[in-house]
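To start, I am sharing the structure in question, which I have written as structure tokens.
Chain lettering (A, B, C, D and E) follows the sequence in which the chains are written, and residue indices restart at 1 in each chain.
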Amino acid sequence: MLNYPWLVLLFPLVGVIINAFVGRYLGKRGAGILASAMVGLSFVGAVWMFVELLGLEDRVVTRPLFDWISVGDFNVQVKLLIDPLSSVMAVVVSGVSFLIHIYSIGYMAHDERFVRFFAYLNLFVFAMLTLVLAENLLVTYVGWEGVGLCSYLLIGFWFERKSAADAGKKAFLVNRVGDVGFALGLMLMFVTFGSLSMSEVLESTLAVRLMPGVATAIALLLFVGAVGKSAQIPLYVWLPDAMEGPTPVSALIHAATMVTAGVYMVARTHTLFALSPSALTWVAAIGGVTAFFAATIALTQHDLKRVLAYSTISQLGYMFLGVGVGAYAAGIFHLTTHAFFKALLFLGAGSVMHALAGELDIRKMGGLRSKIPVTFWIFLIAALAIAGFPGLAGFFSKDEILWQTFAGGKTFLWALALLTAGLTAFYVFRLVFMVFYGESRVDKKVAAHVHESPRVMTVPMAILAVFSVIGGYIGVPKILGGGNWIEHYLDGSLGWHAPEAAIAETAHASAGTEWALLILSVIVALAGIALAYVFYVRRTDLPSRVAKSLGGLYSLVYNKYKVDELYMAAIVKPLRAIGKFFADSVDGPVVDGIAEGIAALVALMGRGLQALQTGLARNYALGILAGAVLLLVYALVK
Amino acid sequence: MTLSSLHYFILSAILFAIGGIGVLVRRNAIVIFMCVEMMLNAVNLSLIAFARYLNGVDGQLLVLFVMAIAAAEVVVGLAILVALYRKRPTTDVDEMNLLKG
Amino acid sequence: MNQMGFPLLTLVVWLPLLGAVLAYAFRREQVKAVKTWALAVTGITFVLAVLLWVFFAPTEAGYQFVDRAAWIPQFGLEYALGVDGISLFLVILAALLFVVAVLTSWRLVPAEGLRGYFALLLFMETGVLGVFTALDLVLFYVFWEVMLVPAFFLIGRWGGAKRVRAATKFFIYTMAGSALMLVAILALGYAAYSATGAWTFNIADLAGMRIPWYTQLALFGAFALAFAVKAPLVPFHTWLPDAYVEAPTPVTILLAGILGKMGVYGFIRFAIPLFRDAAVFFAPTIQILAVVGVLYGSLIALVQTDLKRLVAYSSLAHVSLIVLGLFAVNAQSMSGAVFQSVSHGIYIAALFALLGALEARKGTRDIAAFGGVWKAAPVMGFFLLIAVLASVGLPGLNAFAGEFVLLLGVFKAQKVFAVLGALGMIFGAWYMLTLFQRVMQGAAKPEALADLTGLERVTVAPLLLLALVFGVQPNLLYGIIVPAVEAVVKAVASR
Amino acid sequence: MLEIILFACFALAAIAGAVWVILGKNASWSALGLLVNFCSLGALYIMLNAPFVALIQFIVYAGAIVVMFLFVVMLLMVRRGEGEDKKPFQRYMGIALAVLLAAGLVYIGVSVAMPHGSLPATPQDNARVLGLTLFSEYLLPLWMAGVLLLIGMIAVVMLAKRKKEA
Amino acid sequence: MAIDLQVLAPEAIILAVVLLALLLNALGGKRSTAAMGWLALVGVILAGAASLYYWGDTAPTFQGMVGADGYGLFANVVFLLAAGLAILMGLEAVRRFDLPAEVFVLILIATLGMMLLGSAINLVAVFLALEILSISLYVLTASERDEWRSLEAGMKYFILGGFASGFLLFGIAMIYGATGTFSLAAVGAQGASLSALRDAPLLAAGLIFLLIGFAFKVALVPFQMWTPDVYEGAPSLVTAFMSAGAKAAGFVALIRILETAFPYWRAEWGLALAVIAVLTMTWGNMAALGQRSVKRMLAYSSIAHAGYIVIGVAVAGRAGYASVLFYLICYTLMNVGAFAVILAMGHKSAPNEDIDDYAGLIRRKPGLALAMGLFMLALAGIPLTAGFLAKLYVFSAAVVEGYAWLAAVALVNAVISAYYYLRVAGRMFFGEARANASPVHVSAPLGVALALTGLLTVILGVYPAPLLNLIQAAIRPIVGF
């Protein structure tokens, strides 16, 4: 399989083509199965590659496909790179995608644009795998924008709803801002290194001593791209709105895969980031602050999927925190586990919505534990995983990041991340309790039809649940007796240039400290869960009282810090106003006015000349006489 | 002081200018014709004077031709005037201003 | 004689004119036959143009398929045609877009005056193809100017409500722009005459000439003005929205797709290589205009309420970007610019064809009148989506392969311009997606619009396919464009 | 000296006649001024040794042309004066420019050496010399003058004849 | 002195035809009109043939008055072309507009004047030829004798023409006074050592006054003001003839006089004419912008074209003069063609000259509309028409002789002119015809004239090389070999 890695890309592409052109003849079932099968084949291929790679000594394999762009010294080859990092990503992406495809067969069963949905999903998988497997960063960029496109299409899938169409456009545009940063980073990279090939850049970064400013500039420009795609401050605003899309999309694209592309990209180019400590600090800081910031918003929201969206932003912040402190493997580890449990949370939410005819407001839920038990259990597992309940996937990965942050000396960020861990446990269990416990606040009409989801939905969820539980064991830290397998495996990709500082700190920190921190984070997580229990099961009057006592602060957080409004007022409206001004007051009156004015002036002069043409012969004779005098003067002076 | 062509030339220029003024200020077409004739005559004077003081005869010959031309011209002019007068009884050239602008 | 031993290029250029004349061999009532005839002529021309590509020797520098003959020896005027890597694809694009224009005209044009319509269209094709192939400056000017005539009549007769005004403005504005160019051409010919004692306007002979500094500035200015109006560059663009909006859709396709490229082509073929010092001297000025054009056009496009006007301003922004690339004068920026000229021609044609279809169905260009069209017309929505995506520079479609390389080249030379130009990519996405949203998405209006007819699909689909093919395999074009561009770059560098 | 006095007299008469023409209240008055002007010039021609031309001047100009003017004046019965000139600008500008023109010509005249050859002309031969030159060197112009008169004839026939239908 | 009548063969043919036609008119009365027209046409063709036949390397002169050199003979062809086209158009139009049969005779006489003017090498002959031309044009202008505007135009033309002739004659007198001769060559020889104008003020003043006379004839600012009124008032047939022919004769003679008698002041009159050129084309074009009457618009346009042509005179030199000759031919074709359309549109007492009368002409008379469109484009100087190459030639001459700025001004002017030419084209092709539009009849001779001018306009615009060879040969007698 390593010899034919393009097959992994080909399968979903075939799915796209078939579904786009002849999908409507296949029928819903056929189209769904075809799409899922294609992704399944892709998954098989990815796993196969992964296994093959394990058996190799040198775990970096490149396979050129074709020359893409050659202009002078600018040459871009479409080449696939299979190394530990990309192979893990490929497996995760195709695997989660496969499950969600299957889930979607059930979830989207009643949608009129069923076939189109699967075509989009396949296209997404194709683009995402391109992003992951690309050797050349420009090809990565192709996948990068490709997933953005699919995100746009899928968010706006129900385009009849203005909010959905708006959200899709917003996602694309905000991502575009990041993408332009990415593109400029690539340009600077090319100007600096003369290539956009990963391996060549890697060699250059290892060999060349750069002006630190240049490395920082490249790294930060690339990071702008990552911030856009991975919804970090200040470009996170599109992700909550992206929940307008169908829930499987939220699960796949806006939780498990696409949004993690930023983290992947930073990890991919880590040698470059490693050249610039200040850039790394920025990454870590933005990650940490975003994690906390988004978590606070998640505390207050009533929309089930939006809470999860802010949670995603928050968790992505963790990942950036991880890569920002040089713990690239930890970042990727968390990325992997997060893919499982966050996807699962979304699918669970989808299942809830499925049961409640699309209801999303958690204030109109409650007491569903008994009505949809499978969903409840699955959701609970995912919640525990994200909350960092010991032994579950999230516990290991999150803790690794916390530890590395602390070890890297970023104590403030560590504290913030720890606090966020508590908040995470709180808001996630706030969901669990408000949705599944207590009195039913469901609409009467809806309540009558509450039902468990079909098997086509629950089975993929169950599988994901399993991974949410066991996914963490690929990275069990040494102190818990594990070998931290994933870190070692990823060393093949990420071990090139680990920052000296981080390694040094890690070496010095004692095992005792690590244990202490471990226990502390468990306590924080459990405290969060307990507090949520108190607030939403025991003393259900507490939340509103707390909210009231916090007053303005609460409403600020509840209104998402009014960032959307700020952007609207500071960027969108002024730009539109400038456009309006240009269109109404500059282009017509001034620019065209000058052109038309010249024409009018000429016409006016013509009318003046016409006025001289009085029709009187003697006037004309006067003209002749005047001309004669002038010419005579000319003769006398010349 | 003896006369030379200069004196005649000056007289000629003055008469030419007076004829010109006539064309510019008079409105009676017939008078304008007369003024045009005066201008030609003024030039004739110059020509004859030059011929005399250059001791040539070409100038005089040209004057003869000018006279022929003047005759033909006046005939044509008066014919047009008469034709116009038939359409509208006026000789005021300022009233002939239908064409303008 | 050329490598074919056969005047293929001459045939390509003049065949449409012949077709125009012969269109009158049909009777007035033979509507269908006239249409078919026009399609056949443009189609054959296109095939012949593609043959140029087939027989083009990519490794050889300089002009190929050169046809030369004395024309007016008294003035040193030559009939000289030829193509190189820069013009080859513009020729093919032009030939293609005329086929598209004929197909777009199929239903649009009333039977009355049909022969005249297609005759003018074919006449225009000869003019356009001549512009891209003429190697003699005066011949170039002849094609350049004469092309205005059919455009004027096509817009004025078959355009929208304010068509006569728009047609006149277009004609006068463009002619005003190129008036001084003729003087410059003559001055250039005279300079060659003074230097060598023989009149010539052949660019190959003129290109190597040393021209005094101030003369260069003046001549470059005259040429640049002509091209800046045609392209157009801010602030010479105000004829553009009127003309694009008022022209009948097929003509809008041609105006936006290929006529604007004539300005771009003029810069790279004439203004830059002939007056290298002046080009370098003026480059920052023109680049600033271009950057202003990118941002200004984008911002205005953002608030337009008229379908065609929006795309017209977007075209301003896109073409400004191309000019920005030209004047960074390096292999990437210029190759990217040429590539992008072709690719812009492709997707803008598709865009206008689709907008034309929308306008024809609804009878208005007001964006607010549309909404939710995608629901009833999935194919149209899908096509428009691809065209929009190509326009916003989505990788994998052609514009990206042009824009990225172009911006990369600009970035190499002047980072600030590249950054500002890249802002255009954000704005571009903004207004194009807004357009798409307001037309295709949202709640459907009560009366459902019919989906694209088979003919319309056949018209637009090849363009979109090309957008994809050139996006995935841009080297098809770059392989031929780059050597030609590098020759220009080298010439400028060695000035 | 006598020559000068005679010149002065006729010159003044010519100017007076010219001014009379342009000041004349109506066309018939002007015609009389024109007659004075023409005759004075004729006299000057004699002084300039051009008796034949002078003769023609008296016969053709003073005779035929002035009479023709008078004839047309009578024919059209134009009695009316012109009334006030509504265009003072035209008048003053015209006079000023004409004066300037004359002044310029005079300036030119005095600033160059004008022909002043003093060879005795031969008035006795005048007509003979003219005739000889006319029919040799100036044969073509003579023919052309004939054509001119032909035009005059055609013009009168064409313009003056009433249309049959009318 | 031997009399070499051969020299005057073309002129003699014309004169003979004139007399024959008059005889015919006297004998045949009203019915003879058409016969006179055909006779005149035959005369024109014969005279043209004679001109070409006698074109050789020798340049005999007639008594030192006219010279039958290649230049004059070539010019004859231009005048005869204008006359022939006018007569062709007139064959039917005289009836439609109820013009007197004498029109044909007068056109022939005017042509005779032009031919003599173009060949004249003596100022006496120049003056007489000019007067023959002028006076016959006065009469022709007034020839629609039951139309007030025709008579008014004739009257204005007459008064101003007489006024301008006075200047011309005074100029001749001063030249005579300064040099003692009327012979152009002798004047040139006498002044050969002069440099500045003020070195010989009398001669200079003579030159200036002479220029005024010609500037009036070819309508240069500020001596052009008669043009719009006269062109509009005159019967279209006559306007076509005089706008092309008289202009051509004036320029042809002007070049010969300037180049033979005043070559030493080339820079001086060149500059004056250059300034006049700028004023003339600008005035003509700007004033034409606001016209509603197509005919009057063309009158202004003819002023503008005089401005372009005079560039060729101003810049002088081989290229300059050759360009003038080429321009004159092209202008004759396209302008006469345009007037032919105007003629076709009009009727007695319904001239239909307003631009709105042309609205929708493409639907009523497609052929006529196409022809008019072609002429408009040609006049605007659009490539592939004679108008473009004519301009190109003049402007390239300007560039060659160091007058690039003049070419630039002229091209800006050409842009202005495009506006009003296009307006006509636009109205014809885009406008809606009036409901009560009067019918348009294109008679066979008029059609032939249209086809001829149209075809030649295109042919000269595409492949003028043979004609250019002729022209370059034709100017050799003027500028030397």
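As a working rule, contacts are C-beta pairs under 8 Å (C-beta built on N, C-alpha and C of every residue); 3 or more make two chains touch, one makes a residue touch a chain.
All of these numbers come straight from a predicted model, not from anything done at the bench.
K.L.:
Identify the chains adjacent to both chain B and chain D in the sense defined at the top.
P.N.:
Expected: A, E.
K.L.:
If you tally contacting C-beta pairs, which comes out ahead, A-E or B-E? Let me know.
P.N.:
So, comparing the two chain pairs, more contacts are at B-E.
K.L.:
By C-alpha centroid distance to the whole-protein centroid, which chain wins?
P.N.:
Chain nearest the overall C-alpha centroid, as shown: C.
K.L.:
With chain centres defined as mean CA positions, report which chain is farthest from chain A.
P.N.:
D
K.L.:
Cα centroid separation between chain A and chain B, in whole Å?
P.N.:
Roughly 97 Å, centre to centre.
K.L.:
At what distance in angstrom does the C-alpha mean of chain C lie from that of chain A?
P.N.:
Whole-Å distance between the two chain centres: 38.
K.L.:
Please tell me the distance, in whole Å, between the geometric centres of chain C and chain E computed from their C-alpha atoms.
P.N.:
Here chain C and chain E have centroids separated by 42 Å.
K.L.:
State, to the nearest whole Å, the distance from the C-alpha centre of chain D to the C-alpha centre of chain E.
P.N.:
Their C-alpha centroids are separated by 30 Å.
K.L.:
Mind pulling the chain D residues that touch 2 or more other chains?
P.N.:
90, 94, 98, 101, 104-105, 108-109, 114-115, 138, 141, 144-145, 148, 151-152, 155, 159
K.L.:
Can you pull out the residues of chain E that are in contact with at least two other chains?
P.N.:
Within chain E, the residues that touch at least two other chains are 124, 128, 131, 135, 138-139, 142, 145-146, 155-156, 159, 163, 177, 180, 201, 205, 228-229, 290, 419.
K.L.:
Hunt down the residues of chain A that sit against at least two other chains at once, touch-wise.
P.N.:
Counting only residues that touch two or more other chains, chain A contributes 599, 610, 613, 615-619, 621-622, 625-626, 628, 632, 636.
K.L.:
Can you give me every chain pair that touches, using the contact definition above?
P.N.:
All touching pairs, sorted by chain label, are A-B, A-C, A-D, A-E, B-D, B-E, C-E, D-E.
K.L.:
Quick check on the complex: what are the chain C residues that touch chain A?
P.N.:
For this pair, the touching residues of chain C are 172-173, 234-239, 296, 298-304, 330-332, 335-336, 372, 374-375, 389, 392, 394-396, 400-401, 404-405, 407-408, 411-412, 415, 418-419, 422-423, 425-426, 429-430, 433-434, 437, 440-444, 472-475, 478-479, 482, 486.
K.L.:
Using the touch definition from the top, list the residues of chain A that touch chain C in their complex.
P.N.:
Its residues touching chain C are 66-74, 138, 141-142, 144-146, 149, 152, 156, 159-160, 162, 165-166, 168-169, 172-173, 176-177, 179-180, 183-184, 187-188, 190-191, 575-576, 578-580, 582-583, 587-588, 591-592, 594-595, 599.
K.L.:
Which chain D residues qualify as touching chain E in the complex?
P.N.:
Per the stated touch rule, the residues are 104-105, 108-109, 111-112, 114-115, 136-141, 144-145, 147-148, 150-152, 154-155, 157-159, 163-164, 166.
K.L.:
Under the touch definition given earlier, write down the residues of chain B that touch chain A in their complex.
P.N.:
Residues 20, 23-27, 32, 93-94, 96-101 of chain B touch chain A in their complex.
K.L.:
Could you list, by residue number, the parts of chain B that touch chain D in their complex?
P.N.:
So the residues of chain B in touch with chain D come to 1-11, 13-22, 24-28, 30-31, 33-35, 37-38, 41, 44-45, 48-55, 57-58, 60-61, 63-65, 67-76, 78-83, 85, 89, 91-92.
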